[in-house]
Amino acid sequence: MGEAFWNPVFVSLRVVVVASILSFLLALIVAWFLKKRRFKGKVFVETFLMLPLVLPPTVIGFGLLVIFGRNSWIGSWFEQLFGQPIVFTYLAAVIAASIVAFPLVFQMLVNGFEAVDEELEAAARQMGAGECKVFIYVTLPLAWRSVISGYMLGFARALGEFGATLMFAGSIFGVTQTMPTSIYIAVESGNTEMAYYWVISIVIFAFALL
Amino acid sequence: MGEAFWNPVFVSLRVVVVASILSFLLALIVAWFLKKRRFKGKVFVETFLMLPLVLPPTVIGFGLLVIFGRNSWIGSWFEQLFGQPIVFTYLAAVIAASIVAFPLVFQMLVNGFEAVDEELEAAARQMGAGECKVFIYVTLPLAWRSVISGYMLGFARALGEFGATLMFAGSIFGVTQTMPTSIYIAVESGNTEMAYYWVISIVIFAFALL
Amino acid sequence: MAELKFDHIYKRFAENVAAVTDFNLDISDEEFIVFVGPSGCGKSTTLRMIAGLEEITEGSLYIDGDYVNDTPPKNRDIAMVFQNYALYPHMDVFDNIAFGLKLRKFKKEDIKARVKNASHILGLDDYLQRKPKALSGGQRQRVALGRAIVRNPKAFLMDEPLSNLDAKLRVQMRSEIIKLHHRLKTTTIYVTHDQTEAMTMASRIVVMKDGYIQQIGKPRQVYLYPENTFVGGFIGSPSMNFLEGTIRNQHFWFNEHVPLKIPEKRFHDLRQYDGKTITLGIRPEDLHEEQAFLDKMQKSKVNVMIDIAEITGSEAVLYTNIGNQEIRAVVNPWRNISQGDQLELGFDMRKAHFFNPDTGVRIKLAN
Amino acid sequence: MAELKFDHIYKRFAENVAAVTDFNLDISDEEFIVFVGPSGCGKSTTLRMIAGLEEITEGSLYIDGDYVNDTPPKNRDIAMVFQNYALYPHMDVFDNIAFGLKLRKFKKEDIKARVKNASHILGLDDYLQRKPKALSGGQRQRVALGRAIVRNPKAFLMDEPLSNLDAKLRVQMRSEIIKLHHRLKTTTIYVTHDQTEAMTMASRIVVMKDGYIQQIGKPRQVYLYPENTFVGGFIGSPSMNFLEGTIRNQHFWFNEHVPLKIPEKRFHDLRQYDGKTITLGIRPEDLHEEQAFLDKMQKSKVNVMIDIAEITGSEAVLYTNIGNQEIRAVVNPWRNISQGDQLELGFDMRKAHFFNPDTGVRIKLAN
């Protein structure tokens, strides 16, 4: 098994490691922020953040094309700045994977933080902790299991991402062609043997994650 | 907006309604069965059932092709019996959607049933209820919210299904071309306007579900 | 109405984790039996074995002479009141009470009549349409009772039914349950960790510890003649005082300077312990600070300093130390004894108990 | 060590949902104040306002003269013991106790010395390396106390700290907390719904109901001179008995046949109520069945039938009915009074209270 097998594996890992950390940190910050505050439209914001969970990947891909495409102002600004569009780049694959992973991580963290007994946080405040210390010394360690499984779920979801990536980042060998995309292309072109290898490695990986 | 818009909508609905009910009933039975019993390898069975949640859709599609494909014994038996293969049919789309929806429904139901106070079930047993009556009169109504949201989640996931369907059922207009597939094709062929309509209808639908 | 017989019953949860060991008991019809003991003593496990919610590991359980080890809970015709009431939040009070009857396919009119009767007895007439969430703790407790009595079962099992109520309500519901038992006369087994409930409600008390029965007897008997130091210390509040000491010369010496004289008659049976160590147990109300008592009992008093004087209203509890042992005495309130006061405490040695210091078993004395 | 001042404090959770109304109180240094009342009376809310965990809607709170309404909890230097202990499951006992000191950046050796001292006082030396999960209820309670005392704060706040312990342990921890207060003398505010804790622990009691203070006073004062029927009924166990009746001819008539004579001196202040309805309140221990009392007080006795006789060990409670009112009497135990017995109950009218039947306020009488 040479380059043809390993290249998509490495592309997948490069995309997924960055995307999972990105979505995790973002989810951590947003979850903490939303936990502390009460404001009008909070429910709307939360619903909006969860949207990628129920939307088809092609809808997300479409949305990403609209927002970051060459005709959008973000897209054209980026193209002016870096001399190339976002679409069909490594960055696009990372963005797509992050977006689909985010709501899973976010939901896990919110549930985890909510399950922490408020009295334990009140006690810390009472003993002399500011909000930040309460989060670091009490909330985070007590929600540890949710935090870990939130990250794992995000990782798995980013690794499995197919539809949105295909539309927004394409499947350029060596750049954006991840394992799921490779499986699709291999099957379409009748190269079942290669597909088998990728499928087996992903299944083993998934079992380990669960 | 004529046939070209409405046809994938109806295909989607025909597939999703059947697939969501199918995966819901299956999950209900399996969750109830697993709740009552304790046996060796239970953890393995549960992990296996959750697998489609973390596997990429293309891996699931590949797996379905292997199990139900024209070269498998199920596939060839089916082809002998009905005179046509399973792949690239309405049935294939239903199977793909059911498989991806199942673990979400299953997990929601298991969580819901586990959250029911065991004393309430013990009390029913004590008052003269057999296991079946305990489930119908106590467990099911008390887990009502999880049951409902389990079904909804399954529905949303089946509706959004893209990768596995594309590989296993293809995108045959009028038969297996669902909304997510149509969006992909429309974007690829530059027909952005049509894609917009489908995206908007799905987003509205998703917001309603959440 | 039922008789129950426990024949060498054991419960083990896993290899070597024994919850109940060699439980033997005969319960007669119409008795009100209280299982009492600290948490983990096996009292609730025993109750759940009677209900059929826990399997019996070894031994036989008979209800009215029938062997019921293998009878499923739904066929035992026994009603249980759960600690957290186990009310169904999705049913109103009427349906909660009627649920057991519906499961047994009673006729509609019959159900209505029985629920009406039960709700009348329990004062729930105005709440039949409410959901449990809209009830107070005491009302929920009543619904749980209603669900039990409506079935007119062979026996009631009650698992710490009052432990979720506040102190005031607990006292009130206690007397309501006693009245209910006077009225229905159904055999009742009641589990509690509260010795006051055991003392005030039981026709017979079963004191348990670590899965073993410690003593079975009427409240008065258990209070006056505890089998061992555990029962003596557990039953009664404030707890019985214990002092380690030596028997010498018809006196109990807990140190070299202050002997307490043992009455002649009682000493007779203690002769064999002469010169040996022994544990003395005496209830707080058998320690006295009134002058009249001290004058009469010159030879059994001790000088103490008061650590705490708790006044509860109708009585006062004095805490002090004798030979590194905390000693509690119940005396008349409003005497204005307070922390730091020095006074004489008289021991009523006619009421003291003596226990074997190794086994903790009470030494039986002629009184 | 601190003095606290509550100046017209209000707490509203939403428009028109008042939890605490016009709370005024001055607490001196070294006092042990108990807020007592039924659930929902506002006692815990008031405590949390002192800790800074709830905002004060209106009014001013002063600690040692400083206005602290806007001081965040971490700067108030007050230690709170939570009802469920609020121990951190991911820290061992040492770290739990040391947490507050670490947050305040104490030196390592200082932390060690303070934790060691606290653990010594509370008998936790052998458990410092354990996680809270591996402790018994009483030990957890001690860790929660340790966490409070280690900081040597200006004041302790305790929110029903004993409510999760069983009856025996509650009594034991009660006296340990009192001893701790004798030793440290730190101003303490203690919240409970248990009137026994209030009576036995407080230097002053604050009785609350529906967010309003009902009475402030020393335990003895509150017990002997309740301001109104609520306080009379809430403080004391079993509860004070209440009877509706009429004052006529220097007698209290609760029906046409059995008048109870009011002593001359006391009647003087009741003249203005002559011919009017009034509520009589009398404590269970002021009803007597002993012949000596009945002979002395010929004109204030009633024939009753006993519904229940509860024997708790050191006392017996008789339940009976007079004029459709349940009446409780505390008498000597072991007299073998039982259900169904007929006997005479004497009212000690020197100790009876009279309340305005409309407002429930006690009518002050010369004694």
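Going in written order, the chains are labelled A, B, C and D, and every chain counts its residues from 1.
Here is the rule we use: contacts are C-beta pairs under 8 Å (C-beta built on N, C-alpha and C of every residue); 3 or more make two chains touch, one makes a residue touch a chain.
Computed from a prediction, not measured in an experiment: that's the story for all the values here.
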item: Labels of chains that are neighbours to chain B and to chain C; value: none
item: Rounded Å distance between chain B and chain D, as computed from the means of their C-alpha atoms; value: 59
item: Mean-CA-position distance for chain D and chain A (Å); value: 56
item: Distance between chain centroids, defined by C-alpha means - chain C, chain D (Å); value: 25
item: Graph class of chain-chain contacts, one of line, ring, star, complete, other; value: ring
item: Contact pairs between chains, per stated definition; value: A-B, A-D, B-C, C-D
item: Residue ranges of chain D touching chain A (in the complex, touch as defined); value: 51-53, 72-75, 78-80, 82-84, 86, 88-90, 99-100, 103-104, 147, 151
item: Residues on chain A engaged by chain D in the complex (per definition of touch); value: 117, 119-120, 122-130, 133, 137-138, 141-142, 144
item: Chain B residues touching chain A - in the complex, by the definition given at the top; value: 47, 50-51, 53-59, 61-63, 65, 153, 156-157, 159-163, 166-167, 179-181, 183-184, 187, 195, 198-199, 202-203, 206-207, 209-210
item: Of chain C, residues touching chain D in the complex; value: 38-39, 166-168, 171, 174-175, 178-179, 182, 193-196, 199-201, 219-220, 223, 234-239, 283-285, 307-308, 310-315, 317, 319, 330, 334, 339
